[in-house]
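Have a look at these structures, which come just after this line.
Below, chain A partners chain B and then partners chain C, in two separate complexes.
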Partner chain A sequence: MSKPFLTLYCLIIYAFLLAPIAVVVIASFNSGAFLTFPPQGFSFRWYVVFFNNEVFMRAIRTSLWIAAVTMVISGIIGTMAAMFHVQYAGRLKEAVRVAMLAPLLLPEVLTAIALLFFVYSVGIGTQTMFGMIVGHVLITLPFVFINVSASMESYDPSWSMAAQSLGAGRFTRFRRIMLPLIKPGVIGGCLFAFIISFDIFTISFMLKGVGMSTLPIQLFDYLRTNFTPEAAAVSTCSIVLTMAVVIISEKVLGLRIHRF
Partner chain B sequence: MTEVSIEKLTKDYGQGPAVNAISIKIAEGEFISLLGPSGCGKTTTLKMIAGFEDATEGAIRFDGSDVVRVPVEKRDIGMVFQNYALFPHMTVEKNLAFGLEMRKVSRAQIREKIAKVLDMVQLAGYAERYPRQLSGGQQQRVALARALVIEPKILLLDEPLANLDAKLREEMRVFIRDLQRRVGITTVYVTHDQAEAMTMSDRVVVMFGGRIAQIGTPSDIYERPASLEVAEFVGQVNIIRGKVNGGIVATAFGDVPVSGNLAEGTELMLALRPEAVELLPAGSGAGVFAKVLSSYYSGSLVDYRLELENGARVNVQAFPRTRFADGERVLVHAPAERFWPLGATA
Partner chain C sequence: MNAAPAGKGLGPLLLIAPAAVLIGLFLVLPYLNIVVMSFRMPGQGTPYAPGFTFGNYGKFFADSFYILQVVNTLWIGFLTTFLCLVLGYPVAWQLARGNSAFRAVGYGLVLSPLLVGIVIRSYGWTILLGNNGIINRTLSNWGIIDAPLPLMYNALGIVIALVHVFLPFMILPIMSAIQGIDPSLESAARSLGASKVTSFRRITLPLSLPGIQAGCILVFVLSLSAYVTPSLIGGLRVKTMAVTVVDALIDTFQWPFGSALALMLSITGAVVVVAFGRLTVMKWKV
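On to the complex of A and B.
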């Protein structure tokens, strides 16, 4: 394919992917009372409404909290699984990979129903966030696993052996040698976990307790009865929030994300 | 300085022993090479000394105390890996400091020791570089420095020159040997390169199939090989067969007296190194006639393939001062003392 044509092709694809997001962002500045496009006039009116809407604010806090907890748990379990997968699994390597990626292959709704039955049959129920966090960890784990595995593949086991010969115990070897060298994969995986958890709907919907709500659920709930640009304002804020997480991590942690 | 004693050391992965009851005594400050083809058990032996592999049976003693149950990180070894294994996210200085930090050495002392060791490996001024900014030879020297700076009981090297080009490899041989002498550290060196083992070691341990075929000085190994396998592994060799008759073996080069109590009529193999044979122009003295089949010139030496009058072929290595053409008739002479009996043929 010739270069100008290829460039044009890429531009069209990008436009196709990004146009809906642009529409939402533009619609959020609508000064009218209904979610329409093109918007009628420009105002921050609906942002003010949104920030003063205690229900949405609580949902955002809940979502952020769940995403943070999910990211930490997924990060730890996923990194350990990737270490096992690359360094110790041996003949089981492929089996371990398939098992770890299984949550990606199953429809989310099946995982959600299965978990719902599970938490009730063992008596945990949905009064706490336990079941919901387990669900989020399940869904986000493969992303941590894939990212960390990828950076583990370029980790030379003789680095650990050298550290050991110099007198470093197991924990020191991990902290001083392996972790710094697989850091891009770990951070990339954790970011994925955070962003995906923030966005999960089905699992949250099934496993939420009475009166509990995450941002996607609250938004869904809201749109069933309302059709104001407030929904666009909420969406825009959540886009900005996730982008901020990625950009800040990149700046602060010097992250190189290879696969995005 | 540490004396290392390996006693009946065995490693079995479940399909028969990879290392089979080997025993080696290594004196304080001695440089020992484990030499053999791949799969002979030399690397497994080194890994057991380091502690990366558990011994199935046997003992490894550092100054008399068995370290078989001591984990790698407590064994106080310095190890140089084939690919150097320098930490890529650390500068040379941080790489060198790592082992000292593990030993809780004070900051001031770490700085002092690093300066000293960098001087020793001729890399003063490279402290702030990252490994990727160094050449292969420099990385090699950093790896050596990292292993030595902790002043370990024993230095272990696993084919450290395998990834270097030929010229650098020869330089590093001398460099490592000199450094080892100066530091005076007991050293075990694994290689499959016989020239490397010979030029560097006090003693060479030749291994085949998990067993020790011979332990000896480089000249023992080369001139008095214990078996045909050893003779062939450590260089070119001509094998001359003959029968013992009255304490001598008759060969195409003349009678070779053999000592020992060999029974009359025993079939013997005699080893004759190519450079032990003298080549002379025809008609210039004593010797037997041979025809030059082909010759290979390599600068400092010429390798000749010769055919003796009885049809036997021999390889001869000579200085190129006098060159002989292919097809030329020459005189060959091999002194009786240059034949080494390899034992009775089966």
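On to the complex of A and C.
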């Protein structure tokens, strides 16, 4: 392929990738009930409808709450596992990595089914958020693990040894030497866990109890029967929220999030 | 890292303990439990009854509906994977070899859809493809069509949306594979008289094969197990296996049968993936 042709081709693919997202955002500001090209006029009416819809507002609160809890649990467990992986795993290093990435490699729908049966078999059920949060932690754990491991690869164990020889205990060594150095990886991993958790659908869908819909579930249920652009307003707010987290982490905190 | 710092004994194991418990107890055990569940007796009013049976698998093989659905799901998976490969390869090449300003922006554009939830991206496609969607409304406003084109509620719509959703998962592994190829190999081939096409066919393509394999397997597995996109785009008319499985579990509580369906789909998918791995290795070794 010649150069200009290849560039044009790539631009078309990028447009294809962004089209459905752009369309959702445009539809949310469209005054009519159906989006046509060109749009019928600019209006905030669907946002007003959305902000007055207690069902969606409650779903957003539930989602934020679950994402925050998931982020904390996943952040702690994932960071500990990454420390073990990089510093102590030895010959088991590859095995630990594969096990930690397993939730990412297995189909989410199977994991959701497996967890659903399991929480019922052991008598926990879905009356509480337990099953859903376990699922979210499982799915987000690999992202914390990847980010923290990446930032830890450049950590020199002799720094810990130096601190130890100066009399620092195990916890002091972690808090004063290692944590400040791996902080970008930890924060990046945690933010990513938050974003992923906020968007998880299948796990939440299978493990939700009565009256604890997250935003993606509520949106999905709504879309099965309705087609008004209120859903577009909800989606746009969700996109803006995610983008804000990414931009804050990249521009303000100067983090580079490792996805793979 | 060989030089492990002080802290021998049980200390380090405590670091991995929570993750090990989490994955062992809530991932490995539940997966094994699916296999057990698929042999349980179907229940009346309860998800399952005591006792074991092969009946759930019998029900699968006795009804051509389910077998056809597996075939249909595999077909959608093949088509999605093939289209992702064909559409994604040039982009991956451009991201790996193009000029750097374009590359950074392109990389961001490929990654950013992954940050938007799957429900929202599928919803975007319903706005585009629906009978009252942008494409159909605009075309009929312009007087080009009389009746809406059937873009949604069929396999075509599902494949279009799945290609969109999984394209980044094809582009990224191929991109890193091409980045790993020494550009001087291509220059060497050209200086020895190979045409651009020959150099691509004999050097770049075979060397990027690991990336192609990884991307294809990833996209294929993700397409087979996708739930949200086929469910929203296919509606009630076209169902993939994953949608049938989830509905069997959520709506009708047929847990043993749902497990058998899920396992049959997983086994078929695994067989295809292994066969694909074997085939591509053999083909390129010759």
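Following the convention adopted for this analysis, the second predicted complex is superposed on the first by the 231 of 260 C-alpha atoms of A that agree within 3 Å, B and C clash if a C-alpha of one lies under 4 Å from a C-alpha of the other, contacts with A are read in each partner's own complex, and residues count from 1 in each chain.
Here is the rule we use: a residue touches a chain if its C-beta (ideal position, glycine included) is under 8 Å from a C-beta of that chain, and two chains touch if they have at least 3 such contacts.
Model, not experiment: these values are computed from the prediction.
Visitor: Using the overlay on chain A, decide if chain B and chain C clash or can fit next to each other.
Guide: Overlaying the two complexes on chain A (C-alpha atoms) leaves chain C and chain B fitting together cleanly.
Visitor: In the superposed model, does chain B or chain C contact more residues of chain A?
Guide: With both complexes superposed on chain A, more residues of chain A are touched by C.
Visitor: Is A:Q164 in contact with chain B, with chain C, with both, or with neither (first, second, both, neither)?
Guide: In the superposition, A:Q164 contacts both chain B and chain C.
Visitor: In the superposed arrangement, which partner chain does A:I239 touch: chain B (first), chain C (second), both, or neither?
Guide: Touch status of A:I239: second partner only.
Visitor: May I ask you to decide whether A:M100 touches chain B, chain C, both, or neither, giving the answer as first, second, both or neither?
Guide: Second partner only.
Visitor: Identify the partner contact of A:F130: answer first if only chain B is touched, second if only chain C is, both if each is, neither if none is.
Guide: Once the two structures are laid over each other on A, A:F130 reaches no partner at all.
Visitor: Of the two partner chains, chain B (first) and chain C (second), which one does A:F16 touch, if any: first, second, both, or neither?
Guide: After superposing on A, A:F16 lies in contact with chain C but is clear of chain B.
Visitor: Classify the contacts of A:A231 with the two partner chains as first (chain B alone), second (chain C alone), both, or neither.
Guide: The answer is second: A:A231 touches chain C but not chain B.
Visitor: Touching A:D199 in the superposition: chain B (first), chain C (second), both, neither?
Guide: In the superposition, A:D199 contacts chain C only.
Visitor: Scan A:L141 for contacts with chain B and chain C and give back first, second, both or neither.
Guide: The answer is second: A:L141 touches chain C but not chain B.
Visitor: Does chain B (first) or chain C (second) touch A:L181, or do both, or does neither?
Guide: Touch partner of A:L181: chain B, not chain C.
Visitor: How many degrees, to the nearest 10, separate the directions from chain A's C-alpha centre towards those of chain B and chain C?
Guide: 100
Visitor: Once you lay one complex on the other using chain A, what is the shortest C-alpha distance from chain B to chain C, in Å?
Guide: Minimum C-alpha separation, chain B to chain C, in the superposed model is 5 Å.
Visitor: On chain A, what residues does chain B touch that chain C touches as well?
Guide: Residues common to the chain A contacts of chain C and of chain B are 158, 161, 164, listed in rising order.
Visitor: With touch defined as at the start, can you tell me which chain A residues reach chain C in the complex?
Guide: Spelled out, the residues of chain A in touch with chain C are 1, 6-7, 9-10, 13-14, 16-24, 27, 34-37, 76-78, 80-81, 83-90, 96, 99-100, 102-103, 106-111, 113-118, 120-121, 134-135, 137-138, 141, 145, 157-158, 160-161, 164, 170, 195, 198-199, 201-202, 205-206, 216, 219-220, 223-224, 227, 231-232, 235, 238-239, 242-243, 246, 259-260.
Visitor: Within their complex, state which residues of chain A touch chain B.
Guide: Contact set of chain A toward chain B: 156, 158-159, 161-169, 172, 176-177, 180-181.
Visitor: Which residues of chain C touch chain A in their complex?
Guide: Those residues of chain C that touch chain A are 1, 3-7, 11-13, 15-16, 18-20, 22-23, 26-27, 29-31, 33-34, 37, 47, 87-88, 90-91, 93-94, 98, 102, 106, 109-128, 130, 132-134, 137-138, 141, 161, 164, 167-168, 172, 221-222, 224-228, 231-232, 242, 245-246, 249-250, 255, 258-259, 262, 266.
Visitor: Could you pull out which chain B residues touch chain A in their complex?
Guide: 50, 52, 72-74, 76-79, 81, 83, 85-89, 98-99, 102-103, 146-147, 150
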